[in-house]
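What follows is chain A paired twice: with chain B in the first complex and chain C in the second.
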Partner chain A sequence: MYPFGKGKARLIPYLYLSIPLLLYVVFGFGPSLVTVLFSFTDATGVRGQEWSFVGFENYKTFFGASNAGDRLDAIGRSLYFAFAVVIIQNAVGLFMAILINKKLRGDKLYRAVFFLPVVLGVTVSGLIWQLVANPLGGPAQSILNFFGTSSNFFGDYNIAFELIIFVQIWMYMGYSMTIFLAGLQTIPNDLYEAGYMDGASGWKAFTNITFPMIAPSFTVNMLLSIIGALQTFDIIYVLTGGKFNTTTLAFDVYATAFGTGTADYGLASAVAMIQFLFVFTISMVALFYLRKREVEV
Partner chain B sequence: MKQSRTSRTISYIIVMLMLALYVFPLFYLFNVSMKTQTEYLLNPVALTEGIRLENFAEAWTKGSFSQYMWNSVLYTGMSTLLTLILSIFAAFPLARRYVKFSTLIYIFFLISMYLPNPLIPQFSLINQLGLYNTQTGYILLKTTGTGIAFLMFVGYIKSVSRELDEAAAMDGCGYTRYLFTILVPLMKPILATGIILTAIGVWNDIIGPTIYLSDPNYQPVTKGLFTFYGQYMNNWPLLACGILIVTLPLVVLYVALQRFIVGGAMAGAVKS
Partner chain C sequence: MKRKILSITLVTALLFVLAACGSASKDSDGKASTDGSKKVTLKIIHWQQENINNYIKEFNTKFEAKYPDVKVEYTTVPADATYDQLMQTRMNAGTTGDVDIIPLKSSFVGAPQDWSKGAADPMWKQWIDAGLISDLSGQAFIKNYNEVDVQNAMTYNDKVYGVNMGKVAFTGLFYNKDLFAKYNLQVPATWDELQNVIKVFKDNGVEALGFAGKDVWPIGLAVQGLQASIHDDQLSYIKGLWTGQTKLTDPVQIEVLQKAQTLMNSAMPGFMGIDYGTLPSLFATGKVAMIADGTWDATTIQAANPELKFGYFPIPGSNDAAKNKDLAGKYDMTWMVVDKSPNKDYAMKWLEMLSEKDNYTDFVNAAGFLPTQPDVEIKSEFIKDIQPYLENFKLSWDQLFINRQNVGQYIAESSVHAEMLKPAGPIAAPEELASKSQADWDAAAPK
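Here is the complex of A and B:
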């Protein structure tokens, strides 16, 4: 029941709610739907230029053009990026959360430091790693020198993408860890004591007590990192600008629409749609399995 | 339950190694920022020979950081404030089901995470509205009542007793007055978290300014730093100073408000 009066007073919540709702429809939801529409047109970024519907032409271009190799590679790379980030970031995050949860001295400091890159942001974090990986004598190069080899790091076709993945994980490991820590702290200590009596310690305690008990934070972490990783491209923008075989679908959308000399909105929207299909399918499958796991607990 | 000494020692060793991976780059950055260009070129990794604060002054002027900083403060301050107000406007009636189809509207807001990337039509729209390259347009774009703050607020308001609404209404308190004089003070901890997480997002955005603000006079500090990087790619001591200048305000804010950030990351994640 609405307690704040009747008649006109009943309308105030609607009035206030309508502002964020309108903003979301106009700048978020609406444009998302228009992306679907755009993907079937030859719209460009040139002002005043006519556009028309071209059916699946953009999708054909994506899959069949002379540069199809690059573009299809972007699909593979997006999946590789997401897979590596989701697995490693969460595994390391969970591991560190368990260690810190042992009440080590200085645990607050560790948490703060591991979370710091999120606060610094992608530009600062990216440039810091550019500095460390500077091929002209930076510390990373000094280590390689020791082994008698060298690298161009972010300018190297073979490892640039892996390095980007590393920086991405470095940036967000603390975030995953924080969420896991929240989950771990909800587990009552008696549970471990009872388990210990029954002979469950170490790995057994982890699989039988810890892992089931943190199911909700596990779901949250998995979903956030899957969706996040498939949509991330600012880190690529900062570290390589998409050069040296580091283009993903999300970056391709940006580059096709806003890159220098290109303004193919139709094609970029088609790429966005392909990206959307991956994000949607993978996160829905993950959600289905993760929720099932939560229920069984 | 007792833990063995060895297992604790191993834990400490692993945590320390990990800590080094996070602290070393920052330490190295600081070290480079204190060097002269010659010193850096001769041996980038060696410890600096002296403290050179004048490097910072040089970077500040050469990188026009005063203009960029002001823009960042303006964008972050304004859009965070507006985002918070709109998030309360949206979260309260939906958490209490004071409007019809509350659950449906809540889900409608949530699905924004899954929708196709709105970037391209959004850009066309901003162009059509004449908001491209304007400060107002950028603030408007960064203002949303449906982001992380909204999600956290919904969770939090559900934990505030509904009887409070009824008691206040009985005493003749209206909806608006209730929101701002009773609910907002109660929400202080979650508001702090909402402010920080929203502010971090706006302050650190690099793609937004790249797309929407081509005029250097309107660009925030992230874009300014990136431009600076492009110009002085070979002068790492100067660049390191630039990076540190950009880093400092956020680190100070982070140290001051750290407990809210960590608490908020948890609340935001676990309650939604």
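Here is the complex of A and C:
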């Protein structure tokens, strides 16, 4: 009846909530709002220098300046990155979750091992793969040498971006796996037994029982990986620094704000806004379809 | 009841944390120092360069001994964009005194000229124009420096805004003297001689040439070496690009790209995967006979292998030996004092003490710089060795070049992108890269 107590005690939850709210407004919402404002100005980010409103000038620069082609390439690369990561990461994650769900000996160890990269963090993962792909006597190079070939790995225009995609998947497949595993464990065994009676086993059981039943985890995983992939900046920074055609839209935000040697926060804010709209639109479309699918089953 | 007490305690604890955040900034504005009981914290940021960092740390201890109420907080971060970002954020932090002394990676170069219409202001110029950098013109220690260097590297708008610590050359190759002696090789003075040196090494199964390709800019050092010796006058060529009299597709520039491609084809396998930190150790351990690097890394190489006999010569880009005899480079780090800093007085004292002849001499010897003060005794055998190449020290391409705004990737930043050529990059022909660069340059022309 009185979930939060009576009298003044009722206010305590609001008091608690007001603290994160305050922190969020000061450190999250406020700066975001300022970014929107900045994107319409010619602010340089230099303290004490005047700035004024310039309307959509920064957005025009993004789409119309002479390097707009490079920026569109970066958007294309973002989409490619997200597409590859979302498909492979979830497929691998689901596959591992199903295997681990089969009460294998040592399944807890497998869980820990596959989840480990998530805990390691970007810098450590980046360092690990740079060591593995060290062109001077690194293990990956030794294997290639055995087959009579060699590679520059992260310094190679042809494969650097694909390698980053690989590392990103390696880093987060354990995360997808865990969410799928949670979903799988909610499926009661009776369903499979009943299915077995009706002649559904193996692949049939998977498509007709497992997959529909984990629809909510599927939605969560798809959304998280779409948003995560479109926002990826850190692993690119660590592995190639945006060189060798590995710049994505998210990386462009950073490069515009800090990478040019001349301060232009107005343009950088506009790029950030475009990045936000880009991620927002794609995830909303994805959410719409994913929810529809959930309802249907 | 118990729960209530717990919750109230937690809320109070959180409030304290928040309150502490508020009061912490008050401490760091330095005003507390007036009562004498608290120390002033002098904040200096810098990029990571081991030999220089070590000297500055040593110097800071000396400084603290002389001024007991000062504590120096010396922060170093990687020299790449991380440092640029740190400068920017610290400078913008407001008047809380987040930084007192900032070194610039070079001197005051890159300001738009009357011939470079529409070029963007470099960061240092924006800062000075906004009144964030202290005017050092009246300081006595400025007189310790060569007048010509003060004029060339520390002055903007007729006022001195920085203290430049020395020059570096970077358009040459380090070479292993023992390996050269073993195969009876002389220091090459022309392009053909360099090709011969490379050929002899290759024939004997020695890796001839090393680049730190993964970071890209070290390849640019070699390219700037080629530019410095192939071009007759780099500055007039750059002016010509702005006025349309010269083009990036001119034969002279094609020659630069072709020769850069030749050098990359002669380089050790996997050079595009080698990062800048690894290269000196490969050279120091004799795994490669020559590397493209700046003179500042001589101390690093020496530390990696004190036994190694090595030298440095300008990349001979031309077959006319007279055009290859000088090194090019830049004025390296320039200290600036943040004008709004509450510790300005101590920042000046810090610079004054560093500028004293003894300390400055120790600094240039530790850093491997060429001095900007007169009559400094150079202890480094290495610098004495390269002295002949420094008599007509030239400014390098990146110090002279002014870029257009919003340029495409083929001309962005360092402006010459030899790393996009095979075997490093995807483009096969130098002519193709040159015409793409010129197209990007034309597209960015101010309207």
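Keep in mind that, in the parts below, the second predicted complex is superposed on the first by the 279 of 297 C-alpha atoms of A that agree within 3 Å, B and C clash if a C-alpha of one lies under 4 Å from a C-alpha of the other, contacts with A are read in each partner's own complex, and residues count from 1 in each chain.
The criterion applied here is as follows: a contact is a pair of C-beta atoms (placed from the backbone, for glycine too) under 8 Å apart; a residue touches a chain by one contact, two chains touch by 3 or more.
Only a predicted model underlies this, so the values are computations on that prediction, with no experimental measurement involved.
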| said: Just checking: does A:L136 make contact with chain B only, chain C only, both, or neither of them? Give me first, second, both or neither. | reply: both
| query | If you stack the two complexes on chain A, which partner ends up touching A:F206: first (chain B), second (chain C), both, or neither? | reply | neither
| task | Give the label of whichever partner, chain B or chain C, reaches more residues of chain A. | result | B
| query | Does the superposition put A:Y289 against chain B (first), chain C (second), both, or neither? | reply | neither
| query | Given the touch rule stated above, what does A:G28 touch, chain B (first), chain C (second), both, or neither? | reply | first
| message | Which partner chains sit in contact with A:F53 here, chain B, chain C, both or neither? Use first/second/both/neither. | response | neither
| task | Applying the touch criterion given at the start, work out whether A:Y157 contacts chain B, chain C, both or neither, answering first, second, both or neither. | result | second
| task | State whether A:G241 touches chain B only (first), chain C only (second), both chains, or neither. | result | second
| query | A:Y14 contacts which: chain B (first), chain C (second), both, neither? | reply | first
| message | Per the contact definition in the header, classify A:Q275: touching chain B only (first), chain C only (second), both, or neither. | response | first
| task | Indicate the residue numbers of chain A shared between its chain B interface and its chain C interface, in ascending order. | result | 9, 12, 16, 19, 45, 47, 134, 136, 258
| query | Which of the residues in chain C end up touching chain A in this complex? | reply | 4, 7, 11, 14, 80-81, 84-85, 88, 91-92, 94, 110, 120-123, 126-127, 129-132, 213-216, 269-274, 278, 282, 405-409, 412-413, 420, 424-426, 440, 443-444
| Can you name the residues of chain B that touch chain A in the complex? | 1, 3, 8, 11-12, 14-15, 18-19, 21-26, 28-29, 32, 43-45, 86-87, 89-90, 92-94, 98-99, 105, 108-109, 112-125, 127, 140-141, 143-146, 150, 165-166, 168-170, 173-176, 178, 200, 203-204, 206-207, 210-211, 222, 225-226, 229, 236, 239-240, 243, 246-247, 250-251, 253-255, 258, 261-262, 265-266, 269-270, 272
| Tell me, which parts of chain A touch chain B in their complex? | 2-5, 9, 12-14, 16-17, 19-21, 23-24, 26-36, 38, 45, 47, 96, 99-100, 102, 104, 110-124, 127-132, 134, 136-139, 142, 170, 175, 178-179, 181-183, 189, 192-193, 196, 201, 216-217, 220-221, 224, 227, 231, 233-234, 237-238, 250, 253-254, 257-258, 265, 268-269, 272-273, 275-276, 279-280, 283
| Which chain A residues qualify as touching chain C in the complex? | 9, 12, 15-16, 19, 44-49, 61, 65-67, 69-70, 133-136, 141, 150-158, 241, 243, 258-264
